[in-house]
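Structures follow.
In the two complexes that follow, chain A is the common piece, with chain B as its partner first and chain C second.
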Partner chain A sequence: MTAAGIAGRAQTAGWRPARVAARLRRSWPSWLLILVTLLFTAPFLWVFTHSLESSAEWAQNKTVLWPHAPTLANYRAVLFKDGFLTNVANSVIVAAATTAATLVFGSLAGYALARLPMRGKSAILGFILLAGFFPLTAMIGPLFKVMSRLGLLDTLTAVSISDLIYTLPLATWLLASLFAQLPEEIEEAAMVDGCTRLGALRRVVAPLAAPALATAAVLSFILAWSDFTFSLSFLQDESHFTAPLAMLQLGQTKFYTYYNLTDATVVITALPIVVLVLVMQRRIVSGLTGGAVK
Partner chain B sequence: MAEIRFDHVSCVYAGAARPAVDELDLTVEDGEFLVIVGPSGCGKTTSLRMLAGLEQVSSGAIFMGERDVTRLSPRQRDIAMVFQSYALYPTMSVQQNIEFPLKVAGVPRRERAARAREVAEMLDLTEYLSRKPAKLSGGQRQRVAMGRAIVRRPQAFLLDEPLSNLDAKLRVMTRTQIAALQRRLGVTTVYVTHDQVEAMTMGDRVAVMRDGVLQQCASPRDIYLRPCNTFVAGFIGSPPMNLLPVPTAERGVRLGAAVVPLPRGTLAALNGDREVILGLRPDAFELTSEAQDAVEVHVSLVEILGSEAYVYGQAAIDGRATDIVLRADPVDAPEHGAVVHARPLPERSHVFSASTGQRLGS
Partner chain C sequence: MSAVDVAPATAPRARRALRWRPGERTGYAMASPAVIALAAITAYPLLWNLWTSFHDVDPLTGGTGQFVGLSNYRAVFSSQTGLLAALMHTLIYMVVSVTVEMALGLGIALLLNRPMRGRALCRTLILLPWAVPTVVSALVWQTLFDPQGGGVNYMLSMLHLPGSHTVWIGATASATWASILVADAWQSTPFVALMLLAGLQAIPRELYEAARVDGASAWQTFRGVTLPNLRPALMVTLVFRTLQAFLIFDIIYALTQGGPGTSTQTISYMTYYNFIVSDNFGVGAAISIVMVIVCLLIAGVYRVLLRPST
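Moving on, here comes the complex of A and B:
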């Protein structure tokens, strides 16, 4: 409910201050939500506004909410010069490869951890979780050594493999808890009904796991897409840069930083994630809160 | 359709002290409805799962007809199973659920649909064919699980406590429906339950298990009239049989002031035992006003069930206060706190060895 709406209704009710006060008191959760939402979206709105400014207008630094003469010049500049599209493509490759590997290994590991009788299951799960929360900065050095040994420095493979450190534990946990929730009897029923174990997985379990797989895929993609530290650490040639890394350089000249250009790259980089989250919102929430299948 | 034979089948779980199923030797005849009954943990479900191929057989062999199926995978055995939780496929509609075994077997779409429809009609599911399992009631889910089993026309049906998730009224109805359906289809059926009423009402024969060991396998009537040991005697029948340790006398056993005469065969089987277990069901007593040849029972609780009443009380037997249950006519059932005289009926008495618990005599 907006302020105007409240005022309007109060007017038709004949301006009784007590009533307005009561309304306001009752609606405070909405106001709090609006405030928090603004707090979270403000930086993005700010970036979006400035991405539409011309360099001249940016230099004047007068824009408050909307530029006087909004222009797409920054986007044209970013997209069609400077090789930024290559960097976006690199990001797509890294994120897609990471996601694919995460799904394959995560679902196999999750299924095994949920179903197979094995010793120290909880210890393994605990260790996987620990790895996923290990401080990033502490891993950069050792990883750099490993990548250099493997001859993978300055390759997207290095970034993708490193991203798995975060995506794989997440996916393994997500899928292990999903598979543990699925009653084993459903697979057994499928096997009695004539399926092999793999057939039961394909025909009966996979459709049930689809929402969780989608969640794992989206989260992995977002994590890998947003990675900055690994790219910064392992990539050297500008043509190998991922989008978040290239962002840093765009708009920078020797003497001046054109933040309006940088802002345009920010919008371009964030757009796929925003779209993905909006489209998959319900799945992500239901996948994360478990009970995706009943 | 085929005969099923367990040949000294055992199942030992890794790390378990004793086998879950110990040397099970049991033949289910072609077309027979066999019920395996027992308390939880007695190995009945494990036996069924071994027959389905879902549990490894540790030793022994399982035959279906002439075929040794011990090492075959579930899908090679041509059986259908109804699980306790029904295990319907949540992403599929009722029709797809019923068709699933046919689809896996590669039956053409049109025949699949026709057979699913036929089964749905049989089970009164026609109007729910397009629904998902989540949108069905418990009874409907149970029928879908049945439909998925019978659509295959398998060699055998295996049912694992299929009624335990239904409410009491529906359970009684479904019980008769399943029994009637099995008689109509004539498929060999193994049915596992912990409910002795289901066992007694549904099965051609009842197999009672305890701690992994088969105790007795016989017709419901025989199980009730001639239980082979104290466990079966106490497990089958409700309220349970009174099992009273009593001293032997010259021509029978002494029950309080009364002497219960025993038939000659039983006396011969006593073998000089000083004490035996006398088994008397609640209906094996006559309530009288005379103290002669009767046990004095102090009534502590009376249950009026309508057509009959059960009297719970204590009696001094062999110097010990012993709990005892009697059946009474609800019209003149004794009151709480009363003292009644119960005269045991010798022809309805069972005698078991005090040391082994085995039945003595015929």
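Moving on, here comes the complex of A and C:
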């Protein structure tokens, strides 16, 4: 019995590694996916680590995977001493204003295109979608002239208006397909009860549309937050810069090779977006892919 | 619209044809803010560029507003202004980067399409680089490509690979382009993967079961079921990516400013430079028109190439 036990154990010991190897071989796509995920995430971790490094430690120029004495001094310095807090606030204003305008314009147009009997409807929708592909740098010359004539040069208004090119085509498309799905009887009932069409839209349809509006809002915020081209072209005073523009400007002048300071601005600028993606990833994915693949 | 409203009705029948349907006027009113806003920031610039590209508005030469024919366009296609070189850089980069990103993106989408624990987390983490601003991507990679303290050379020396002393950005054209490609692919591949994953998930399960019943190999299933059914998603993603790659600007400005020398100047960079830096609006407008035409050509080529074969 002991002999048989030993033999049995030897046998299992003999074929177990082979089974493990076979399982590993079969599960290589999982390992590969984990490796790919690490490759895509590692740059963020690298920048985060170095943003916690003191300038003294950075100057020693020893590559470390984690600072010996992690500190938030860089964050304090860039936010309060170098005025980056103002730039972050500017970005919030621009992204929020663009998102608000996008939601209003996009839901009005989306509703009209989905519901109301209009001649030339497909031409209007086609124009709205096509506008999203217009080359950005082809717009900045003429818009620069217009903004300076309107006295809007070096204002966040100029950037917010131009940012609609990123957000409005996608949002209109998303909201038009949403309104096309909602049952029409609901608003007809509201209109029978004495609502105007706009009243019905506001009181009855908007609450039902809330999830799609949230999707459009998140995507608009992300896209407007990312703007660089218009900020670079229209903004002149450093206190008017948005975060991405200020980050680059500071990185190339004041901070120069002190990447620990630049890294702090990078983390601050990326953080709101990272949080949005982690919290709202399902909406973001469905909004992006639903808008394009269908 | 109002012209239709006040037009004298010559015959009752014509009048009926022109009459507003119920709700139609509301429809136009509701659609107009979006249409007017987008027309103001795209259609107006297009027309302005078209007019300006044929006129002399350059303040350096007087800017008389005279019709100058094709002279602004001649500047675009002359070898002296560097614009033709920029156009060539851009087209080569477009082909290379789109090929790389589509291949990587398809691979990642196939990996993400397999059932596995933690798949949603992987998808979210891979999506992050797409969502952050391009300047974030540029500065992240500037840090990583730093010759002394950067992570890329650190990894190369850890793994005993050659090139661990390379000066990536700003020294040689090829290393600088490679850095741009890495930073751009890091940010754009997640988008490709996501779009293709949505395409993969839309393929009916029964097709795969039928292929298995027929005894098809993994490769045969991929060729016979996956690829043909992925065609619409591939087409849309390819058009998106190609246009974006052709118009690459933010990452170039943030990472290289067109350098070393003029070797990484792209067509969008030159448009920005002429419009904003050197106030050369005539040439800027001419490049803009050329860009719009190339974009239309790209869309047209894909339409013909990827038309469903059936």
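In this text, the second predicted complex is superposed on the first by the 245 of 294 C-alpha atoms of A that agree within 3 Å, B and C clash if a C-alpha of one lies under 4 Å from a C-alpha of the other, contacts with A are read in each partner's own complex, and residues count from 1 in each chain.
Note that contacts are C-beta pairs under 8 Å (C-beta built on N, C-alpha and C of every residue); 3 or more make two chains touch, one makes a residue touch a chain.
Keep in mind the model is a prediction, meaning the values are calculated, not measured.
Judged by the touch definition given at the top, the superposed model places A:204 against chain B, while chain C stays out of reach.
Shared-chain residue A:172: touches chain C; no touch with chain B.
Applying the stated contact rule after C-alpha superposition, one finds that A:186 touches chain B and leaves chain C untouched. In the superposed model, A:108 makes contact with chain C only, not with chain B.
In the superposition on chain A, A:247 makes contact with chain C only, while chain B stays out of contact range. A simple residue count on chain A separates chain B from chain C, and the partner touching more is C. The intersection of chain A residues touching chain B with those touching chain C, taken from the two complexes, comprises 293. For chain A in complex with chain B, the residues that touch the partner chain are 183, 185-186, 188-196, 199, 203-204, 207-208, 293-294. Of all residues in chain C, those touching chain A in their complex are 21-24, 26-28, 30-31, 33-35, 37-46, 48-49, 52, 108, 110-112, 114, 116, 119-120, 122-129, 131-136, 138-144, 146, 148-149, 151, 154, 186, 190-191, 194-195, 197-199, 202, 232-233, 236-237, 240, 243, 247, 249-250, 253-254, 268-269, 271-272, 274-276, 281, 284-285, 287-289, 291-292, 295, 299.
Against chain A, the residues of chain B that register as touching in their complex are 52-54, 73-75, 79-81, 83-85, 87-91, 100-101, 104-105, 134, 148, 152.
Against chain C, the residues of chain A that register as touching in their complex are 29-30, 32-34, 36-37, 40-44, 46-47, 50, 58, 61, 63, 101, 104-106, 108-109, 111-113, 115-119, 124, 127-128, 131, 133-146, 161-162, 164-165, 168-169, 172, 197, 222, 225-229, 232-233, 243-245, 247-248, 251, 257, 259, 262-263, 265-266, 269-270, 273-274, 276-278, 281, 284-285, 288-290, 292-293.
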